Each structure stands twice: as structure tokens, then as C-alpha cells.
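Following are the structures in question.
Next come two complexes built around chain A: one with chain B, the other with chain C.
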Partner chain A sequence: MAATVNTRKLARAMLTPAVVILFIWMIVPLLLTIWYSFQNYNLLSPENTGFAGFMNYKYFLTDPAFFQAFWNTLTITLSVLVITVVGGILLGLLLDQFIYGQGIVRILVISPFFIMPTVAALVWKNMLMDPNYGIFAWIATRLGFAPVAWLENYPLFSIILIVAWQWLPFATLILLTAMQSLDEEQKEAAGMDGANFASLFVYITLPHLARAITVVILIETIFLLSVFAEILVTTGGGPGYASTNIAYLIYHQALLDYDVGGASAGGVVAVILANIVAIFLVRLVGKNLEA
Partner chain B sequence: MGKIVLENVQKHFGTVKVISNVSLTVEDGSFVVFVGPSGCGKSTLLRLIAGLEDATGGRILIDGADVTDLPPTKRGLSMVFQSYALYPHMSVRGNIGFGLKMAGMPKDEIRKKVDAAAATLNLTPYLDRKPRMLSGGQRQRVAIGRAIVREPKGFLFDEPLSNLDAALRVNMRIEIARLQRSLGTTAIYVTHDQVEAMTMADKIVVLNAGSVEQVGSPLELYDRPANLFVAGFIGSPKMNLIGGATAEPYQAATIGIRPEHLIVSRDGGGWAGTISVAEHLGSDTFLYVEVPGVGLVTARTPGEVSFHAGERVMLQPDPARLHRFDKQGQAIRG
Partner chain C sequence: MARAISPQKKWTFTILAWVVALILFFPILWTILTAFKTEGDAILFPPAFLPPHWTLENFVTVQTRSDYFKHFFNSMVISIGSSLIGLVIAVPAAWSMAFAPAKRTKDILMWMLSTKMMPAVGVLVPIYLIFKNLGLLDTLTGLTGIMTLINLPIMVWMLYTYFREIPVDILEASRMDGAVLWKEIVYVLLPMAIPGIASTMLLNIILAWNEAFWTLNLSAANAAPLTAFIASYSSPEGLFWAKLSAASTLAIAPILVIGWFSQKQLVRGMTFGAVK
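Then we have the complex of A and B:
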């Protein structure tokens, strides 16, 4: 009893520095952002300073660009989640079967994850989707179609495609590992019970994957809500605001419009939205993580 | 209905021969136990019958129909795995009813059958629980429920009791045997526990290194082992196997005598030796006697006889219960 109490005290003491540093690390930027969001602070009109009340928020939330950015953020997040989870399950099932050349195929499947978002986006923009010398254009011309200017005509779809390509390996990896941890005897028992491939998948594999799918959704959502590099490099948020998400809109305000106060208000709004989504998600799928 | 016949069944994993030429008939309604040392191929043989492994050679017949190339589902057998292999996310009801659901049986009919199976196995209070909320014995019963509810032609058990503690094992052993008798369904049961084998089986198949050493009723194997392997494997404590000069007067390369067929006395005839260890179990006393020129001999005496370590005793084999084996290890009869 005494020993465990002492151990616990010691553990707390040892943990304290790390927790304090992490806390400062997170809380200082957050507090600064909140502070700025209530200030008049625009680099283009330095004479206009002082407390702004909720003006920055009002300005950000009533901007028509905000609504578009909001929906774009949700669209990107949801579409990429659907594509990567479904694609990851299919690829996982495939890789689970392969015997020959498995090692190489796996490395190939995983490699997109190691490419920096900026580089990946540049590759897609210049080598694949470019209407003049991209590979897609070349294929289209070969087949007798007019090349498509992906980034100009389908900007949001293109962004979704690029981001999904980057996250598919992650989903595949996690889901494949989960599939391989499925007890072989359970599959055999289901086989003896008369389950065919489809029922085996629906009744045995999928429930077994529930937890892994939850993990994939939670982790991906955190990153997908703030996709930025891919947009900056490819479409620049355009045309208009067609491919602007909230992260990009904040950047736009801070560094293109030099409105620090407005951008900070946007940042706070983004944090609140992310928290709403997080609460929603944890409620929705988090129960899979229990027990 | 459920006569299972194996004809020259073989199984190789790559170049390793795991099962070589096993031929066997399991009569309808009988309880057959496969025993043998670890790694001898018991599980493999059972999985061949189940259809979970493909035979390299030979044929498997169920009720006269060749099922060698049929998948597990089409063979009409059900299996209880050593790890139970319950579906963790389904309730007990879901687990037991899964096979019926896969067969496309209407829901209310499934409900009735599951209820009946649960009642037989005393599982009714647990029907809505998940497997992880059950004890080992209850999980075991769910696995059995899953097997019986489909009314298969035969049950296959692979060491179903090895994860249970000793007391529960005895209970479940009796329960399984009784259930099998009352259903009258053919059963093949794998174990390495010879008490299970002796008590449950109509017929025991002794396997060694992938082939059948002897097939017979428990008492046949006990009274007339066909060779040294079966003689040494069946019976506990093990039969004393003595070779060399001691065996010569009996015209055999090796003689065997069970511990319970040695008459122990302080001044009778037979082999003279010194007790090195005496194990008092209450009902029995096992004596390990060092006999010069013969070796360590195990003898079993009633519990009330008081022999102690260090004492000199005489061991007299009962000539009618003596087993003789030739150089190849085969029993010499007559």
C-alpha cells in the first residue's frame, strides 16, 4: 500500500517537467491567438490598434468565403475518410492474400506516406494533372479525348484525390495489421459454420476491424481538418474560393491580407470547430475503443 | 447417420510427411478417440476429416459419399476447437446460432433451436452475454452448443478440455460423453490425456508419427497392446518394460508388466529390490523399486499397505498378465 503510494508520488514528480513544458508549449500560442483575436491588428493600417471586441469574429464569420471554406473543409475530410477507409480495407484484403512478392508490394503501397505533402502535391500538379504535359493529359489525348485541366475545372476533387493518395497507405497499413491479427481458428470456425467469403467478411472480419477503423478515422480527421500544403502548392485555394478550406482561409487573411487580428479570430474559430468535430467523432465511434 | 471412413489418407506439408497411409472406419454413432504423443499428427488428421486441410493422397468417405475434395461446409461435420474460437463480438446466442443463420434458417426457428441447445448445456442465463464475460467452462459449453445446434453428422473435438482446470475437466468429460450418447451422433475426439481416452471412448486410435499403431476398445488396448509403443502409452503409471537377461526365460526380447500386476511382498518370490520412492496417494501407493539387473520397476499396491522407502521387497509378476514382445517390438501372442 505504502509502496504504491510512494511509487505514484514519484511517478507524478518525474512526469511533472514534461507535462509543464507540454502545457506551456500549447497554452502560450493559444492564449496569444485568443488575445490577438480581440485586437485591431492589421499590418496595412498600423495606426488602428486597440481592443476590437468581437469585430474580428463578426468579420470572419460573416465573410461568404467562410461558409465556402467551412463546407470545403468538411467535404475534403469526409471524402478522404471514405476513400481511404474503403480503399484501405480493399487493399488490405488484397495484400492479406498475396504470397508472392509480398514484401515489395507492401513497401510500394506504403511509400506515398513517406513523401512530403508539398512534394507529393507538386508531383501531382506538374507530372500527372497538368493539361499540357501531365500523364493524365497524355492518356486522354491517346484515347482521343480532350485533356482535362484538373486543377482549374475540378479543384476540390483534385485536392481530395491528392490527399486521399497520401493517406491511403496509412489506412491500409493499420487495417492490414488488424486483419492479420484475426485469429485463424475463428475464420476456420466460421468456415465450418458455412460462412462464404462475403459472410466471413461481413460477420467476422468487419467487426474485428471496427477498432482499427475507429483509430484510422480519429487520426486522419485531426490532420484532414487542417490540410494546407497541398492547397498552397496546387490551386492556391482557387479558382475564387473553390478549393479554400478554413486553414487556408486563415493563412490567406494573415499573410496575404496582413490582418493578424482577423486571422487569429479565424484560428480560434477553427479550434472550436475542430473540437466540435472531435466531440462528435468520439461520441460516434469512440465507444469502439472501450473495453 | 455419420459413418466416417478413411482410406489410405496421407498428408505432406512440403516434403514433411505428417500423416502416412491412415485407414480407419468410424462407425455411425460411435465415440472414437485419437491419442498419441505431441506432434504425432492427431490435429492434422482431424483437420483432414473436417476439410480444413487438403489430403495429399487417399479418400475420405462420409456415409459412403466421397468428400475428399469437398469444402468443410459441405461435409456436414462440426468442430470444437481447443481455443474455442468463439466470435468475440457476438453474444452467446449469436455464436450458437451463427451456423443456422448461414444456412438461411428463419429467425424464429433459429431462436427455438438456440434456446433448446442452451437449455441442454445450462447456458440459458448467459445467452445475451459476450464470450469475454464468460468463464472458461462456460465458453467451452458455448463452443459445444455451436457444434450441436446444427445437428451435424459428426462432431470433431480437438483437445476441447485442455484449457480447463482438473475438476472442471472431469465434469465436462462426463457431460460431453453423456451428450454424445443421448444425441447418438458420431464423435471423433482428440486428446493426449489417456484418462479422457480410456473413459470416453468406444474405440481408441493410437497414433504415432503419423500412422496408426493400434485401434481397439479401451480394454483391448489395455489387455492386449499390439506393440511396445501402445504398451508404453496406454496405462498410468506406465507399464514396466524390461529387456535383456530378465526377458530371456520368457522367449521374448522385451517383457512388459503393468504396475498393478506385480504382487509385492516382504518375503514372497520374484525379483528382489529396494524401494527408492513410495508415493502414497491414499487409494493407492506407487512404489518405485530398484531391482539389481532389471532396473527401476514401478509397482502399484493398495493404499493401506505400508511400505516405506529404503525397505527391501519382493516383486512377483502375475504370469497371466505378462506381455511379451519380439525384437521388432510386436507383441508375441499365445
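Then we have the complex of A and C:
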């Protein structure tokens, strides 16, 4: 398009508010977090102030809770990614077949994605996982097993299950959409050449899905690294730190222990960790988006 | 020509798909059914699938005891408000990048995407303290503002992918006719952009309605939207499953319906236009 000088100016003027607002939103709180992270600042002991050096970082990083939270964060993120991507591909393949009532099946499958996290977590915690009255307890007794107190005995696994239930529909929907854009004639031709289902999947469907899978991983990672509500309303991070992730640990330090300095150091650590993941992911997706 | 699929195969896939779908949907169905049970029936063991005594009392109790519709209203204000403000900022930006791309447009888009990578918890402390000092804690203004900020990158991206599909030739033609810029926007661009804008708005409403980090941390009794209100059921006294279910059913119903109708747009918006 032959843009005149005026159009250019106008275009810049229209872009500026969004860029400036996002820039401020990104940079000001982050600088404040970094600033606080070097301060002695606890709302419970207002007399103790001043520069703290790296003390906050030392406390945060050497706290055994940090290691546990770090591993829990990784475990939640990776487990849910594997469950939803593999499950999403399988479900996508199934829904891509001829099915009576496909529209309704599709609606049923994607519905969990629209459930707010607090509702999802509380429904699972009580009506499904409760060891006395829950559905799982009923199924267990019917099968001749003793009911399991899921959230007390397997807190991290339970949270992974709840979060995977919320994200499986998302992965399925994205991957199914990508499968449906695969040229039917291409599949037909391969089928006529005698390709069976497995080789059709490996050589045609899977390469076609690469981009969609990358995008699913990117989006889910953004949300999974900071799972919060599901932990808050089910286990409260416990027992001990068994189901505490980094997001929940920092929340705990900030709003329950009033340790502004310590929580800020944690916040900086969380940002650095997320950035390591982000650099990797954005490159991967950036390539795919430009393609 | 599609291959003929044997009836046997059709039925196998149909049954399999329905079984999986019903298992995935079951927690939602169970919530809706429990909402119509009495508290006693809700904890029957073995569970009663259909309510033995259908009742609406839970919906009434939830409203009379905790002013449910105040929180419903809060959710509406925050999600619709943040969507409208977001559009005012995002539409010009996306328009500019789609129709007058500069050298750095791609970089700016990637940068916007990368802002979504910043974990909310990394800035929880300063935002909380800023909110506290400005008196924004537990206010609809504060929550609407935060929601606008966190969803702005997605809105810009989604609008950008829609705007880019509008054929530029039409703009050229109207420019030849001597249409001034505002006319170009109002009469040519806007009608073609409206479906994209509407989809963006719907996706943003869904995301804002269900957002549960900032709403939980920055609201209390007054401005709490449904996410935070429902969280108060995590440590209740006595029998409460039926009431939890009633509150939950009302909280998820509107978004379920919007979600069902906007599946296609959702795919596009959530994947930054990479999957359509």
C-alpha cells in the first residue's frame, strides 16, 4: 500500500497508546518488584527497614520450600502438557471421524474449558474426590477398593488431574481444528496408495499438526506455570508444601506472611524462570507464526 | 468423493466418542443436577443420580444469604467493562499494524506476545501495594483496569489477524474515490471489521469472567466477582454441596453458552491466529 506521510503519522498515533500502556504495565511493576527485593520490608515488623542486599534472595533460594515448589511447578506443567497434548491428539482423531451427533459431542468435550477455575476445583474437591460421599469413593467401593482421600494422600496428582481436565478440551479443540484443515484429498490419495492408518498419521497428520501442537504448548505453559486458584481452594498448598508451586509460595509469603521483600525476591526468581521458558517458546512459535 | 464408511465403524466411533464426551462432561452435569437437590440428597451414598426431590431452594438461599447477584453483577461489570476499554485501545493499534505495517510491526507484535509470558505472581507485590495506596483494593475500577491490561495483548493480536484478512484493494478503491480517512474507516472498514471485533470481545469476556489470580488477590466482600465469591465455599461449615452447586451453575451458565457459540473464534483468538 502506498502510504502517505500523513497515513504513517496517523498509524503511529493509533499504535502508540497500546504500546505505551503495555510498556508501563510491563516495566513499572517489574522495577518495583526488583527494588523491593533488595529491601528489608515486612509489614509485620515496620521498624526493620533499609537495604538488604541479597539477603531476601538468599532466604528464598535456600528455603527447602523453594525447591519443593520449583519441582512441583515443573511437575504440574509437564504432566498437564503431556496429558493434554497426547489426549488432545487422540480425542481429536476420534472426533475427526464420522460420528452421529458430532456437534453435541464437540460441545460436551470442550465445555470444561469454560468453567472458572474456582468452580472446577471445588466441584472436583467435594463432589468427586471426597472420600466419604464423592463419586470416586462410590466407584472405588463398587469395584471393591477402599475409598481414597485424594487431596490428602495424593495432593499434587489430584491438582494435576483437575488442571488437566480444564485444559484437555482446549488442546482437543485446537488440534481438531488443525486436523480438519488437512486436505481431505491428500488423505484420500495416501489411502489409495495403500497407506494404513498408522503411516497416514505419522507421515501426514502429525507433520501437519506440528504448528498447532507448538501453539498449544506455548499457551498452556503460560497458564500452567502459574496455576493458582486450583491450589488455593483445594489443598492450600499442603500438606506441608506437597502441593505448593512457585506462584502459591510467593502469594503465601506476600499476603499471608506480609514479607514484601522476600516475596519480591521470589517474584524476580519467578520472572527469570518464566523468561527462560519464554525465550525458548517464543522463538519456537515465532518461527511457526511467520511460516 | 468420500470413501464409504461401514456402518459398523460409524457406530463404534460414535459410541466411543459419546462415552468419552460424557465422562468429560460429567462433573458439569453433576454440578447442575446437584444444584436441584436438597442438601441431604446431595450427599446420599450411594449417590442418587437424579434429584430424589427436585428443589429450587438452593438458588433462593444463595441469593438471600450472600447477595449472589451482587457478585454476578461485579463479574459482568469487570468482564464487559474491560472488554470495551480494551477495544478502544486495541482496535486502533491493530488497525494501524494491519493496514500500515512498518518495519518493526512484527517485532512489536512479538513483544506484545512476550508480555503475556510475565507471570502475574512476579508483580503481585507492587500491584497489591499500589492498589492499597490508591484505594483501589476491592474496587470494580481496579479490577476492570487490571483485566484490561492482562488481556490487551491477546485483543491486539486477535484483531490484527482479523483486520489483515480485509482486502486492501477495497481501501485503495475508496481512496481513489477521494474518501477521507474517517469515511474510509466508518463506511468501508468498520462493516468488514465488526465480526472480528465481536469475536474478540466475546473471547475477552470469557477470559475475564474466568480469571482467578488477580480477582482472588485484589478483591474482598465488595467487588468480588463470581470467581472470588465461589472460592469462599472452600472452607464452609456444615452441609453445602447443593448450595455450592447452585452458585456454580449460575456462575458457569452464561459463559458456557457464549463459549459454545464462539468455538471457532476461540481457537483463533487463543492461538494468536496461528490456527484457524
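Here, the second predicted complex is superposed on the first by the 268 of 291 C-alpha atoms of A that agree within 3 Å, B and C clash if a C-alpha of one lies under 4 Å from a C-alpha of the other, contacts with A are read in each partner's own complex, and residues count from 1 in each chain.
Just so we're on the same page, a residue touches a chain if its C-beta (ideal position, glycine included) is under 8 Å from a C-beta of that chain, and two chains touch if they have at least 3 such contacts.
The model shown is predicted, which means the values in this text are computed figures rather than measured ones.
When the shared chain is aligned, chain C comes close enough to touch A:L95, but chain B does not.
In the superposition on chain A, no contact is made by A:I213 with either chain B or chain C.
Contacts of A:A247 after superposition: chain C is touched, whereas chain B is not reached.
If you count the residues of chain A touched by chain B and by chain C, you find the higher number for C.
In the superposed model, A:Y203 lies in contact with chain B only, and not with chain C.
Contacts of A:G191 after superposition: both chain B and chain C are touched.
Residue overlap on chain A between its contacts with chain B in one complex and with chain C in the other: 188, 191. Across the complex, chain A meets chain C through its residues 1, 3, 7-8, 10-12, 14-15, 17-19, 21-22, 25-26, 28-30, 32-33, 36, 91, 94-95, 97-102, 104-120, 122-128, 132-133, 135, 137-138, 165, 168-170, 173-174, 177-178, 181, 184, 188, 191, 211-212, 215-216, 219, 222, 225-226, 228-229, 232-234, 246-247, 250-251, 254-255, 260, 263-264, 266-268, 270-271, 274-275, 277-278, 281-282, 285-286, 288-290. Within the complex formed with chain A, the chain B residues making contact are 50, 52, 71-73, 77-79, 81, 83, 85-90, 98-99, 102-103, 132, 146, 150.
On chain C, the positions that touch chain A within their shared complex are 1-3, 5, 9-11, 13-14, 16-18, 20-22, 24-25, 27-28, 30-31, 34, 43-47, 89-90, 92-93, 95-97, 99-100, 102, 106, 108, 110, 112-130, 149, 152-153, 156, 168, 171-172, 181, 206, 209-210, 212-213, 216-217, 226-228, 230-231, 233-234, 241, 244-245, 248, 251-252, 255-256, 258-260, 263-264, 266-267, 270-276. Put simply, chain A touches chain B in their complex at residues 183, 185-186, 188-195, 199, 203-204, 207-208, 210, 291.
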